[in-house]
């Protein structure tokens, strides 16, 4: 095992984690402000990917594809918020789970209806393709580096938005006290639509960015959604910082576990058994991590203590 | 004088910089009703929470029947014989009145791990539950859904559930809250007789009830006990009048 | 409004009449569909104990369904290939006997429910939902990577397992077996709901603070409910795998967890026959709408949305109103 291989895997883990963060940040924001658990967040990720693939296919422009992804996901988010989601804020979590599960069914089948069951492909733009040489002689795809940088920029931007801007103040007020924001004369329902659309746009962006390195297909969103839940359980509900740390932990654990656990077992057992056991355990690694955090801190690393 | 059943030793509780309980030492003796009064925000609910175990004091001790229970859970304290009623009724609203009382009897029996026979047909539990309901005057409403009870009846049910536990001491958090004058009088009469069974630590806003019932009164202001004494002593206390009674009188 | 007991009797009559008719009309496919509905109903009866009585919104019940399925798959696979499961520390052979398979399924899912329950019940609310969903996904990926038992492709069983005195290959006989198990589970569920444990659990759902002050432990009550719930859903998984003579990682999928929950909701949460009504309606829709359109999940989604937004209490709630006290 060389240093280069290790560094590459760490970068892969970071890239994966950063994309998870885009999902988890929206989810945790929506839960923090509106108290809503949104299973359909994965559908918004899928919508972003499909919008990007369709626009890139028609125009050939990756930039336009990204804009389309953001716009489509935000619009879809705003639409479902207005039509369905806002009727769920006062309902219990069970109703929220079922209604958003119903939305998954509708979005997934609707997308299958429009685009068919075959995966679409979204190509990495010419200017971002190919490897780049990093310090230490590591060859790494430029596009993945771009994802890491873009994701970190979004994280910083989101942090600034929440800590520095007027809308951020309203969001934080909403997290603490609904009556307070009503008293401040803020239009709650507009704020809620806005927060939901923001979360949706982040999910759509992630879908488009990841769509270029994986295939774009129906059902792509839910596995990511569930990983984002693991992130939130680890990081603590409602905390953006928790979402970031949790995402990176999950991304690194999953990637490094998948590569290194089988190799680790090869040191003590015969290769094929080691590969089997190693990859089985690696597939469970992040959930074991989640279990450990639960035992140690039931409300997550940065969640409000009960 | 007999030893107190329930006793707090200088319990202090901080919420951040706020001192919600400030070295509170009170006790409850057999056969008495000891009322805790004080303005809103004086720390009465915080005090009750620490006595019943849902909140840990920052420092100080709680003693029950001569035993240090500061580290014990709510559950363990209930099993040791501390019967609590809630300020805001914590009843199973979808269930019947009888079922709520049965729950108390079931808790007292300590045998919830029975999965087959109907709880309503368990004659020992049922007798205990019906007895408690009869004592508070709910015998005709046993089969009603709890959500259908009037506010006053829910307060009665709160007391009935505590009765089924056959506690060694009661801790009652504003049992009169929201009752009309008729209901309040009835409950006052009932609590008056109850002290023979077990002493009552009574947090109450209704001054008529407090002055009618209490053997002793402690006045809590800003988390601190500023006076403890008989009804007459408290009435005559200048500091109490300034701090508290003055505003009503 | 219909009396709930009358409705329940009607449903039992339907469960017997439809297959009886199908038998006479020589429609074995209908009997298979009914078996599917009965097995789904059993899985949902399991969930209903956790969800309806305990208030535990578990989105991971496919874990137990899948464990039951793999208990069947693994034991039958070893039996049909004449290989032992293990030779050390003692020889353990596969089996084609349903009672042994069922017992294994129940024991394994009980154990899984205990571990998952202990971890998940450290939290509540949304955390609980997300954690159970995540554990479901963990088992899904584990099954995919477990190449010894078919990995992603799953395991096929050539001949349905046997039950003493029955020919399980005859559809109506297997249906009857599954129906008897479902009715037994419903009977246990009815007794459980009225038992001292059920009384305490019911209160723990509504007002945990009260349960504590009467000296009982609400978390432990919920844990026991979760374990019983998981065991029943596990048994359903073994029956389901035997119905299809096939088990694959999809039995662990989050969609399946969602569907088990849908059965309970469509029928009516906490209602004894809610899961049965829900499963029957689901299988009927799947069959009828699935025949009309490839995209029938859209209609299912819309129906579910309407029930959540407007139809409180599911189908039984709409037909019978609120549950009666002290029946």
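Residue numbering begins at 1 within each chain, and the chains themselves are lettered A, B and C in the order written.
FYI, a contact is a pair of C-beta atoms (placed from the backbone, for glycine too) under 8 Å apart; a residue touches a chain by one contact, two chains touch by 3 or more.
Since the model is a prediction, treat every value here as computed from it, not as a measurement.
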Touching chain B and also chain C, the following chains: none
Chain located farthest away, centre of chain B as origin (C-alpha): A
Separation of mean Cα positions, chain C and chain B [Å, integer]: 44
Euclidean distance of C-alpha centroids - chain A vs chain B, Å: 49
Between chain A and chain C, centroid-to-centroid distance (C-alpha), Å: 31
Complex interface listing, chain B residues touching chain C: 52, 54, 73-76, 78-79, 84, 86, 90-96, 98-100, 102-104, 106-108, 110-120, 122, 125, 143, 145, 161, 164-165
Chain B-touching residues of chain C, taken from the complex the two chains share: 191-192, 194-200, 202-203, 206-207, 209-217, 221, 224, 325-326
Contacting residues of chain C [partner chain A, same complex]: 51, 57, 59, 119-120, 122-123, 125-127, 129-131, 133-135, 137-138, 141-142, 144-148, 254, 258, 261-262, 265, 269, 295-298, 300-302, 304-305, 307-309
Chain A residues touching chain C - in the complex, by the definition given at the top: 31, 37, 84, 87, 91, 93-95, 97-99, 101-106, 108-110, 112-113, 222-223, 226, 229-230, 232-233, 237, 276, 279-280, 282-284, 287, 290-291, 294-295, 298-300
